[in-house]
Amino acid sequence: MSFEKRPSGRAVDQLREIRITRQYTKHAEGSVLIECGDTKVICTASIEDKVPPFLKGKGQGWLTAEYGMLPRSTHTRMDREAARGKQTGRTQEIQRLIGRSLRAAFDLNAFGERTLHLDCDVIQADGGTRTASITGAMVAAHDAFAALAAQGAIGAIPLKHFVAAVSVGVYQGEPVLDLDYVEDSGCDTDMNVVMTDGGHFIEVQGTAEGEAFDRARMNRLLDLAELGIARLIKLQKAALGMAA
Amino acid sequence: MSFEKRPSGRAVDQLREIRITRQYTKHAEGSVLIECGDTKVICTASIEDKVPPFLKGKGQGWLTAEYGMLPRSTHTRMDREAARGKQTGRTQEIQRLIGRSLRAAFDLNAFGERTLHLDCDVIQADGGTRTASITGAMVAAHDAFAALAAQGAIGAIPLKHFVAAVSVGVYQGEPVLDLDYVEDSGCDTDMNVVMTDGGHFIEVQGTAEGEAFDRARMNRLLDLAELGIARLIKLQKAALGMAA
Amino acid sequence: MSFEKRPSGRAVDQLREIRITRQYTKHAEGSVLIECGDTKVICTASIEDKVPPFLKGKGQGWLTAEYGMLPRSTHTRMDREAARGKQTGRTQEIQRLIGRSLRAAFDLNAFGERTLHLDCDVIQADGGTRTASITGAMVAAHDAFAALAAQGAIGAIPLKHFVAAVSVGVYQGEPVLDLDYVEDSGCDTDMNVVMTDGGHFIEVQGTAEGEAFDRARMNRLLDLAELGIARLIKLQKAALGMAA
Amino acid sequence: MSFEKRPSGRAVDQLREIRITRQYTKHAEGSVLIECGDTKVICTASIEDKVPPFLKGKGQGWLTAEYGMLPRSTHTRMDREAARGKQTGRTQEIQRLIGRSLRAAFDLNAFGERTLHLDCDVIQADGGTRTASITGAMVAAHDAFAALAAQGAIGAIPLKHFVAAVSVGVYQGEPVLDLDYVEDSGCDTDMNVVMTDGGHFIEVQGTAEGEAFDRARMNRLLDLAELGIARLIKLQKAALGMAA
Amino acid sequence: MSFEKRPSGRAVDQLREIRITRQYTKHAEGSVLIECGDTKVICTASIEDKVPPFLKGKGQGWLTAEYGMLPRSTHTRMDREAARGKQTGRTQEIQRLIGRSLRAAFDLNAFGERTLHLDCDVIQADGGTRTASITGAMVAAHDAFAALAAQGAIGAIPLKHFVAAVSVGVYQGEPVLDLDYVEDSGCDTDMNVVMTDGGHFIEVQGTAEGEAFDRARMNRLLDLAELGIARLIKLQKAALGMAA
Amino acid sequence: MSFEKRPSGRAVDQLREIRITRQYTKHAEGSVLIECGDTKVICTASIEDKVPPFLKGKGQGWLTAEYGMLPRSTHTRMDREAARGKQTGRTQEIQRLIGRSLRAAFDLNAFGERTLHLDCDVIQADGGTRTASITGAMVAAHDAFAALAAQGAIGAIPLKHFVAAVSVGVYQGEPVLDLDYVEDSGCDTDMNVVMTDGGHFIEVQGTAEGEAFDRARMNRLLDLAELGIARLIKLQKAALGMAA
C-alpha cells in the first residue's frame, strides 16, 4: 500500500489535539486528565509517607507507576485484569516504562522517605495510551510535589527535567508522528520515545511489526519524535502555568 | 451526638445533585457517567454475541456486572486489585448486587444468546458508589439494548422495569436519604435499597454498624428510600428522553 | 403456582427441627454442631492472642469469620475452593455477613488484643446454611469467651446481645419461615434476617429472585423472621444452660 | 528416652478404637465417617458421569482424591487453604497418596467413562489422618460403586482388592502400631503403609525424622503394619456387612 | 568517572567469547547452549502440532517464547518464580521480546498449524541474558525447522532472515559493545538491539538509567550494535555449518 | 511379559554411569552437575544469613530444597510452572523429599542462624531425577559448608552422615536397580530409597503402580537399593576428594 494521506487528515508531523486538565478528581495530590485526540487517560499522583522495604532508612524517596485500562475503553471489551487475577505482560511492560521514565524526571534524593504512586487509567483508548500516560503523569507528579512543597514538607519541587513521550511509526510506508488506533493497527514499525525538555533521550523502544527498518528510517522517526515531544513539553508547561 | 443538620446542609430527604451523561465514552454500546454529588462512576454496557457455558443452547441471554474503583478514587490510595491479583470480598459483593439488580430489570429470554456486560468503574468516590452504579448501569443497559434493537437484532428493548438504587441510613440518630462519605463513615445503620418504577423492592440490604435498629426505624428508612428512588427513576427516564 | 402446603409439611411459621450440640470437636475453645433439619454446620470459635496489623496497639480485640462447604455437602459435588485456588464471591459474601453479625454480639473493647476466629463449615446442606452458621457461631463464640473468662484472662464474657439468624421467603406466593432447599430453589423472594434478643435488627438482606415484592409482603416476612429468631435465641440460651 | 508405655496405655501392637459409620451425610453416593480414636474424617465418594480430558473416549474410568482439614481440626487453628488460595505441599502429597491407593483397589476399566471423586475431610485430628482417610475412603468408594451397580449402570462392583492403611513408628525407641498425635510428634521414625486384603503392599512411605533406622527395625515396623491392616480390613468388611 | 579500560580488558567494540553448542540436550527438536563469556543460556525449540485457539483453522503457525533464570544463576539467589506463583514483569518483558524477535525471523505462514515453543533458561548470568537468548534461540529454531523439513512435514525451513541481538551501553562515559554484569551494573545507558542479517532493525530498546543521552551518542551505540550483530550472525551461520 | 534383559543392557544390580562435576556454575557456594546416564541435574547450594521466621532467635540453622524441570527436559514439552503460576503436586512432593533427606545429613544446630537453599534443576530427564537430585545436592551442600568453614564462619562442616538416593523397581517381573525412563514407564513397582553411609534408612517410598508386591519382593528391592547407595556414596566421596 502506498501512502496517500493519514486517516485523520493530519500532516505527517502533526500531533492530535492535546488537552491537559488538572485537578480532574478531588482526592489525589495530583490529578490530570490527558486527552490525545480520542485517547483519554486519568493520571493521578499520590504521595505516601513511606518507601518500599528495600529503601527503608536510606533517606531516599521512590516513584512507581501502575497502568490499567477500563474493560470497555477499547473497541471490543477486554477481560478485567482484577477479575482474571493477574496483569498481562503488556500491562506490566507499560507500567515499568512509565515508572522508569518518571524516575528520570525527578531527583529521588530530594523528597525524603516518601513514595510517589502514579496511576494511569485509560478510560478511552485510541492508540498511544502509554505515551499519553507518561506525558500526563509528568504534570500530575509536578502537582503532587508542588502540594508537598506548599505544605513545607520539602523545600522545592525535586525536578530534574520535564519528560514527555510520543509514538512514531511507519504507516503505509510513510513515517508519521503520534499514531492513532487505525494507523497503529496497520503500521509496520512502531516506536515509543521518551525525551527530556533538554532534547535528550530517556527511552527509545522501536519494534518492526512487519518489515525490518533501516537506519535512515530510524533517523527520520527520531526526528519526528523530537519535534512532537518539544511540542508536548510546551503544552505541559502551559498547563502548569509556566513559561515555556 | 444529637442531630442538628447534615454536613452538606441537605434536607433529610434530599438527594445529592444527580447528573447522568450518556455516550460518555465512544466504544461501548451504552456508556454513562453518573455523578451523585462528588461520587462519579463510569457505567458501560457491552454486548457480546455469546453466553456463558452453563446457558449454551438454551436460547436465553445473560447479564453480568463487574465493579472497580480507580486506586485513587478514594481519600487514601487503595491497592490496585489487578496488581494484588484478586478482587476483595467487598468488590465481589457489590458486583453480584449490581448483576442481580439489573437482571431484574430486563427479560433474559428476550434478547437471544447474548451477554450484556456491565462495567461500573468508580473514578471518584464520596459514598454511595454501589447505588450510583446500579442507577447508572440501568441507563447504559437501556442504551445498549436500544442499539441492538436499532440494528434489528432484537424486536424491542427487553425491559421489565426501570430499577434504581439509593442508600439510606441513620446519621446522628436521624434517618437520612442518600448518604455521602462523611455521613456514611459516621452512621449507625446503612441500608441500600433497589426498587422498580412500580415501587416494588428488588433488594434491601440493611446493616446495623453501631446500634441495632428497630422496626419503626426500618419503616422510616424504607419510606425515604422509596421517595429517593422515585426521583432517581424520573431522572433516568429524563436522561433517556422518555416521558416520566 | 398457588400454595397448598410446604414440601416438608411444616406450618408457614414453623422452624425446622433445630439441634445445637456443644463441644462437638475437642480442640477448639468453642465447638458447636448446629442442625437445622438436614442442614448441618460445624461452627468453631478459636482464640488467638493477637490482632490484625490495623488494630495493633489499640487495646481492642477483633472477631472474624470464615465459611466453607465440604465439596459433597450438596446435591451435586462442587469444586473444592482450596483446589480451585480461590473462594467464590458467594463464600466471601457469606463470611463477611457472619463476621458483621457476630461483631454486633460482642464488645470488641472488652477482651483485650485478641482475635476470635469463627469457622463455619457446612457438612450437609439443605438450605439456610448462612443463617445456621450465624446461629451456631453465636453459641461457639459464647463458649470460647466463657473459657477465656474461666482462665481469668478476661473478667466476663463481653456479651452485648445474643444474635441469631433465619431465612424467610415467598414460596408459591406464600410467605414462609426457614426455607429448606426445595423451597429455596423455587422461591421468588428470599430474605436473611439477623436480630438480637432485644428484637432489633442487625442485618436484613432481601432479594427478589423472581417477582419484585411490595411493602406489605416485606412486612409479613419481617414478622415471620422476628418470630423465628425469638425461638432460635431461646434454643441458644437453653443449649448454654441459661434462663431464656 | 527409653520406652515405658504408650501415652494412651495401648499395647505396642494395638490399634485405637475404630468406628466406621456409613451414610453419614445424605447427598453423596458413598459417605463414611471414620473415627480412629480421636481422629475423625468424613470420606465421601461422588460419581460423575465424565472423565478428565486426558481419558476422554478411551472407555475407561478415573478415580481421584482430595483431602482437607477444617481449620480448627487441630490443636492450633491453621489457615484455611481456600482463603490462602492454595493447598500446601503436605495436602497435595496426601491427596496424591489417597488417589494412588484407591486406584489400586478398583478396576478402572470396569465402570465406564465415569470419575469417582473421593473427598476426605478431617473434622478432628489426632494423628494418622491420611491413613484413616484411605481406610474410610475404601468403604465410601465401595458404597458408591454398589449404588451404581444397584442402578444397573455397571454389572458389578469393580473391586480388585480391599485396601487399608495404617501408620507405624518408633516411639521412645519402641516400634508401635497406629500412632496418635502425642506419639507422632515425639517419634523418630514414621511409616505409612497401605496394603491389600491379600497382604500385599500398595505403598510404603517411611521417614526417619530423627535417627536413621536399620533393616531390622524396618522389618519390625512392617510386621506391625501387616497386623494392623489385617484388622482394619476386617472392620471395613464388617461395616459393609460382608464376611471377613 | 572517566573511562580507562573495560573491566574485562576488552576493546570497546569487542564481543565476549561466544560459543554455540548444538544438540545440547537430547529430547528437544532444537537445543542450543549459548555462552557469551560467563553468561550461559540453554535455548530449546519444541514443535507442537497445534496452534493457540485464536489461530485455529487459519492455516498459520505460531511461535512463542518463555524465559527463566535458575534461582542461583545470579550472584545472590533469587526467588524461584514457580514457587512465588508468578513471573516478574522483567521476565514477561523479556519473553515477549524474544518472541517478537524470532517471529520476525520466520514466515509464520509456511509451517502449517504448528507452534514453535522457544524456552530460554539461564543457567549462569553475567549480563546480556536476553540478547544471548535471542541469538541462541535463532539457532535452536533453525534446527527444529530443519528437523521438521527432514521429516518431510514442511518443504523448507521457513526462514525470512537470521536475527541476532546484542547489548550496547555507555560505561564510564564511553560507548561499549556487549556489556557484562560489572559494566551493566555501572552503566548510564543500556540498549538492546535486535537486527537481521540484512542489517535492518527488528527491535531497539534503549534506556537511560542515569544521564539522558543525546542523538550523537545514540548513533554511536547503534554503530557498535550493528558491528556486533554482524559478527554474531556469522557465528550462528558457522555453528549451523552454513556459508556466512 | 517375562524379563529377558534390561533395555540398556545393564545387569540387574548395575547403576547407570554416574558423573559428578563440582563448581559447575560460578556464583553458588556449592554447584554440582550430576549425570546418571542421560539424567542431568544441576544442584546448587546457596547460603543465606538468615532463617525463616519460625526459627528466628533459636540459634539454629535451616535447610530447604526446591526442584524444577526445564520445560523441555522431557520427551514432550511440559508447561513451565512459573508461567502456570503454580508448582504441581509432584514437584512439591519431590522438593519436600529432597529437603527432608538433606536435613538428615547435616546438624542444623551447628551452622548458626543461616539457611542452606538447595536448588535442583533438571536439564535433561531420563528417569530417577529425584534420586539424582538428592545424591547431587549432598555434594553441593558439602561444598557450601566447606566454603563457610574456609571463611571461618563455622568451625567445621556440620556433617552427620553422607546420604544418597537411588530408585529400584520391578521391571518385567524382575527387581532391578536404578531405573531409566524406559524401565520406569513400564514398571510395576517403583521404590525410592535414601540411605546414609552407615547403611541406615532415611526414606523409603515404594509404590505398586501395577501389581501389589509381597514382602519377599520388598526385601529384594531393599537389597538392591543398599548396594546401589553404597556405590553412590563412594562416588560422592571420591568427587569430594575424600577417602571412601
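For reference, chains read A, B, C, D, E and F in written order, and residue numbers begin at 1 within each chain.
Quick note on the criterion: a contact is a pair of C-beta atoms (placed from the backbone, for glycine too) under 8 Å apart; a residue touches a chain by one contact, two chains touch by 3 or more.
Treat the numbers as computed from the prediction; the structure is a model and nothing was measured.
On residue numbers, the B-C interface is repeated by A-E, which shares over half of its contact pairs, out of the options A-B, A-E or E-F.
With every chain reduced to the mean of its CA atoms, the largest distance from chain F is reached by B. Averaging C-alpha coordinates per chain places the centre of chain D 51 Å away from that of chain E. With centres taken as mean Cα positions, chain E sits 59 Å from chain C.
Counting partner chains per residue, chain E has residues 85-86 touching two or more of them.
Round the ring, the chains follow in the order E, F, D, C, B, A when counting starts at chain E and proceeds to chain F.
Residues 86, 89-90, 92-93, 95-96, 100, 104, 161, 191, 195-196, 198-208, 211-215, 218, 222 of chain F are the ones touching chain D in the complex.
On chain C, the positions that touch chain D within their shared complex are 25-28, 31, 38, 40, 42, 44, 46, 48, 66, 68, 70-75, 77, 80-83, 85-87, 91, 117, 119, 121, 123-125.
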